[in-house]
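A, B, C, D, E and F are the chain letters, set down in written order, and residue numbers restart from 1 in every chain.
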């Protein structure tokens, strides 16, 4: 495994997960007479789903026991049917049993997000509008969940507070005006970073545009307002519709002509995908 | 904050969460002219819910900035109405804005679990059966989610693989018989730990009882089978019903006379509770 | 090496040990002209002993220098004569010399515990009573020393405060009565964990039994009292004799009919076993 | 607490110790109704002893719970009688009970070393010879045990491999001659570090002296040999007697005129001192 | 201190620095009879300079010993004369002496960068061109050195590889064309991040512009080329002059009309500023 | 890589450096179509220089991506001409590009120090005086920079505060006299460590000598004073000249007959050496 900050973060998260489950040892598996014998197990989809997180699940096994070997049977982002084998893992029986629950907890969560994202993505088909995620992610899972969104066909908004400016109500109030808020931010950020302004109405949209915002969020606007905003902006900034968008409402928002729709539910409300680990020969 | 293993684990998880969001800095807040001024904000319920995770949300602020002060307005486990103020946080405006999303991501997740648990718990009212959680928790969140279950009125099954033995199919197969599996485990565990055997049928129940299991899981049994099992066991071991129990089915299972019902959905399928952080005066 | 919490703990302990000894470098070995040449050395028993800790000693070498290779010549728990070769280590001369003292410090300490445990174990021969250790272990060495006890023929009491309840005087005083103390504990622990009550007299034994304690410790009781307690309990709970038991007194205690005797001296008073590392050809 | 490397090392060691004992929580204490109430407890000597490690025992409490307060009643290195109160600790009852065993495990071990050292030190009274420890310390406890030696009246040999050169048989063999070994070492070490050569006979002593060694170890020599060596060296280097010295033999070795005697048993064979923690009012 | 990723990074760096210097203890200061007595010392400029790093120097003292108190006498970015007192530190004499060198090593390095940056900044006076730093920073010192550049009047280019895209020769070659390289990058980055293309000639400039690059670097171009490029771009992208710019050449480059000049030497070639720590009363 | 404290320190420093540059990912390289293809690149000297730090640069690549392979083409300490290939690195193109800047930042800094040291060393040619470095090093880089000094032909003074005593003005003032200061230090240090006293005049030199100092620093003395001091000491202690020595003045100082000259500028004022990483075939 590489030692980038992201992989170090991931290794720490996996270690927290293994640590809280294993503690001073797996009392059940350590008593198995054949716990050192090689066994094989398959990750199997128990319902149709989009796969995300296989490499993380694999890491759970190899961090617990480097002698485990995992072979993915499908690619990240694959859409699979019920019964599909997602990956095959080999290793000492005791290691497979000890890591099983932890690996499944990751895989089921991330595939759930990919599966839900795919549904949103399909709903937007043909609109030319890009589906974005948000920062409403499970603490510690930002990179994993954003990868799951990509696996489901979505794109990522900023990774965090450090690679994009987002000026909201509180910031505007603190800075007196949108113009001053944008100007103050511009002075302190690298030349490679853009500024987005969250707007509730057309007056704010005009001010944001005048201030030089590169991105304008249309927050909880009506469809009529959004259309007017898009017309008013006329390509001089990119536009993002936001505000409790659901599968039922997201397409209509996109059809207002915005460049992006962002949906928090992708990462904070996706139900687990149903996946099991089946030991071969058992 | 105490330095127990649990609090060290929690601090690491919070640091992962703050780290992935803040990275090299909150570009937006650092440009605010009044970012160092003291501000006040309230955590407000936007729907009826059961509260869990306030102390974690508080830690997010104080780890980011020790000068923040948080005062809970309700206790862990409180049932609150829409509009209730859950906690009040004071500190430099910039710190409040930088920590806001991370704190909410924890609080909404955990309160969601407590709220769902409460519904299951109420469903079991009067049965005398205890509601248990499982090990199907978000990786890294074991202790937090188990506390949320308690906040919602549930009780905790074993914390992990180290404080209880659970003998399943694979273990039985590996050990030749339930008797041998129980016996092998008994030799290796401290005298303070009990053994549970997962049983699919009455024959296994008899064997588990004969082997001296202190707990017997009735896994995916029919109600008729469960009643027979409970009668057969007759208090010589404790009994647990398990297997995709839902709000619709959990009471009937409990009424078969088992001591415990365990529900994975408490921790892996609870929707977020809707909570916001409102800055005062804005 | 696996990355379980126990192995992570062990790696940290070894790193502390190597760190305090090596600091900014082994000034003596780094000046050797042949420090990079492969050398071979044997761990040799200088007195009869029971072996424990070879895998830890091996880890000291491989953590210092992954090119070192260690081959155990006897199994954990082996009883060996003076002069026996316990393990053979190969690697760059400089690495062997730099790690030697640290590895020996571990191995001599743990083999000392195993050797002493074996003596206690033999003393109990034929009584049917199980020899247990305690929590009086060298800080940081809990798992290692408990493994050494097993290597010497003993069994382990609870690993720590988390996998067993032990109600003592102070807890009873705080809870008003044994009944209330047991009841309060029962409500907060997983169903897989047992409760032990420390009793000084028969009245307490009766109360512990009535309260449902699964284990009863007979603390510093006379042999007469212990026999009465065992008779009174009559198998309804397991029994443990405790209190400054020595090689001279432990058998008589066991013969009172208790299930367990626990001996703190196994881990806090075992003298080092005499073991050396002999370089071949030197 | 300062953040020097030594205090960071110590904090890590304490965290390992608390971690292995507390794991996911103190199941017994967390059920006490008055676990949050302030309590007071005294560390009491149960036998005459020399005190070492009070500040470490104190750190165990404050790391577990910063609200604990510890007040030493005697100084490091004090000789106390049976019944003496060594320190008084106040804090929440639950915290005192949870930290008790871990703190005692440190304190009893270190006071045991100080007590034994004192006996050796007294044995040397009037000889003018300085008592030194060795590197045969419990892994991870180097600085603590060396402080305990000082508490008992001894002095410290080098802290590790980095602040002194010690040329032994293997180094001499590898370097062809003592002269070459000393010369090679001298070229690579800071001008502030001295070189010691371990000598088995007078020929080696002469060679070490000729090579410019600042310290000469007389290893397992007879008293006659040692006297000759001391006469031969005549103050041109410092001298150290070494080799399984005991309370019975150490004074005679010192009386051979060496500057130092070094005794491994100070740190690897000292029995625990008997100390208890007594809760007040219980 | 806050626990953001940046402060955690800084704390680690300071701990590395204190660790390498203090090791097992400051042998000289620990022998001072008055090492625990409170002392006062001043950081004094020994030449005219621009101040940067006082808060880091302060952290060195407080991390070593939390009882130290530091009071800055001038602000970050101040231009001071020879003899000016920059900060005053109080604390135990031993702590001041132990931390002195480490704190000075930070402060002299960072003030050196601020001082050099100020010279470049003055050279550009009136051009309207912004002075930028680069990623040629001392490993581990990125945030500190970028703050020193701001203290000296400069601005910061991207913090690292994660908050800006910079397409260079190798990237263009790998992607076949500038258009394809920009397009590929655009698909994978958040909507808040801009793309810069490094161009050696006007043909590349035209391609970068056509591809939609928001920033264009004019790398090692002649002044004539740069003027043509600026005219050609005509405000449709921002422009940056780069390539071994010195105090002698930077103004002429700026006068070609570019928005930014970037200078690696600010961070990799600034000589130390001369600062000392003077103990009062000594 | 070995796991000594020094290598652990180094790994932490490299991780800080990679972390600050890579953050959440290399946005530019991750978009390259051929980022996974194997590429080859050479480190090339762009000016004559002395090489130091190749193994560190190599570690940057392998820590980022263990599949990278680096092969040094010249040894540490080699003097090379402009155009010389110092090392060759192979690995996935994306990994090479992501690690390039970080590796160069290390290598250029350390080779700069080695190159400058070589110049000082040559200046001293034939004097028999040894060139020493100081503790004025970049925080965190102590071991690396001291290795660079050795690569350039210099020798190392003490590594830090723990392996040598250096008594300065403040220490003397605090201890009343040089005699008392030396005596107090002697009592607390291992017998393997020497004491140096910093002297400003001959009176202090005499006192230091009388006190038994093994090393005497002649601090900012005139050449005449130094000669007198050397004559006065007459080999009874080693001598070190110190105080803003430059290439212009160092030889004259050495010719006063001192054993050592120490130069802070070696590590705090060496300009970067000019080295680039050239991708093959690009």
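In this text, a residue touches a chain if its C-beta (ideal position, glycine included) is under 8 Å from a C-beta of that chain, and two chains touch if they have at least 3 such contacts.
Nothing here was measured: the structure is a model prediction, and the numbers come from that model.
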Chains in simultaneous contact with chain C and chain F: A, B, D, E
Copies chain F and chain A - interface residue numbers shared by over half, same or different: different
Chain pair with the higher count of C-beta pairs in contact (A-E, B-E): A-E
Most widely separated chain from chain C, with each centre as the mean of CA atoms: E
Repeated interface matching C-F, over half of the contact pairs identical, chosen among A-F, A-D or E-F: A-F
Length of the line joining the C-alpha centres of chain B and chain D, rounded to whole Å: 46
Distance from the mean Cα position of chain D to that of chain C, given in whole angstrom: 23
In chain E, residues with contacts to at least two other chains: 19-20, 22-25, 98, 143, 159-160, 162-166, 193
Arrangement of touching chains [line / ring / star / complete / other]: complete
Residues of chain F defined as touching chain C within the complex: 1-6, 8, 143, 159-160, 162-163
Of all residues in chain F, those that touch chain A in their complex: 15, 18-19, 22-25, 63-66, 95, 98
Residue ranges of chain F in contact with chain B within the complex: 20, 23-24
Residues of chain C defined as touching chain B within the complex: 132, 156-159, 162-166, 190-196, 214-215, 238, 240, 259-260
Residues of chain D defined as touching chain C within the complex: 9, 12-14, 16-17, 19-35, 93, 97-98, 101-102, 104-106, 108-109, 135-140, 142-143, 159-171, 173-175, 181, 184-185, 187-189, 193, 268-269, 271-272, 279, 282
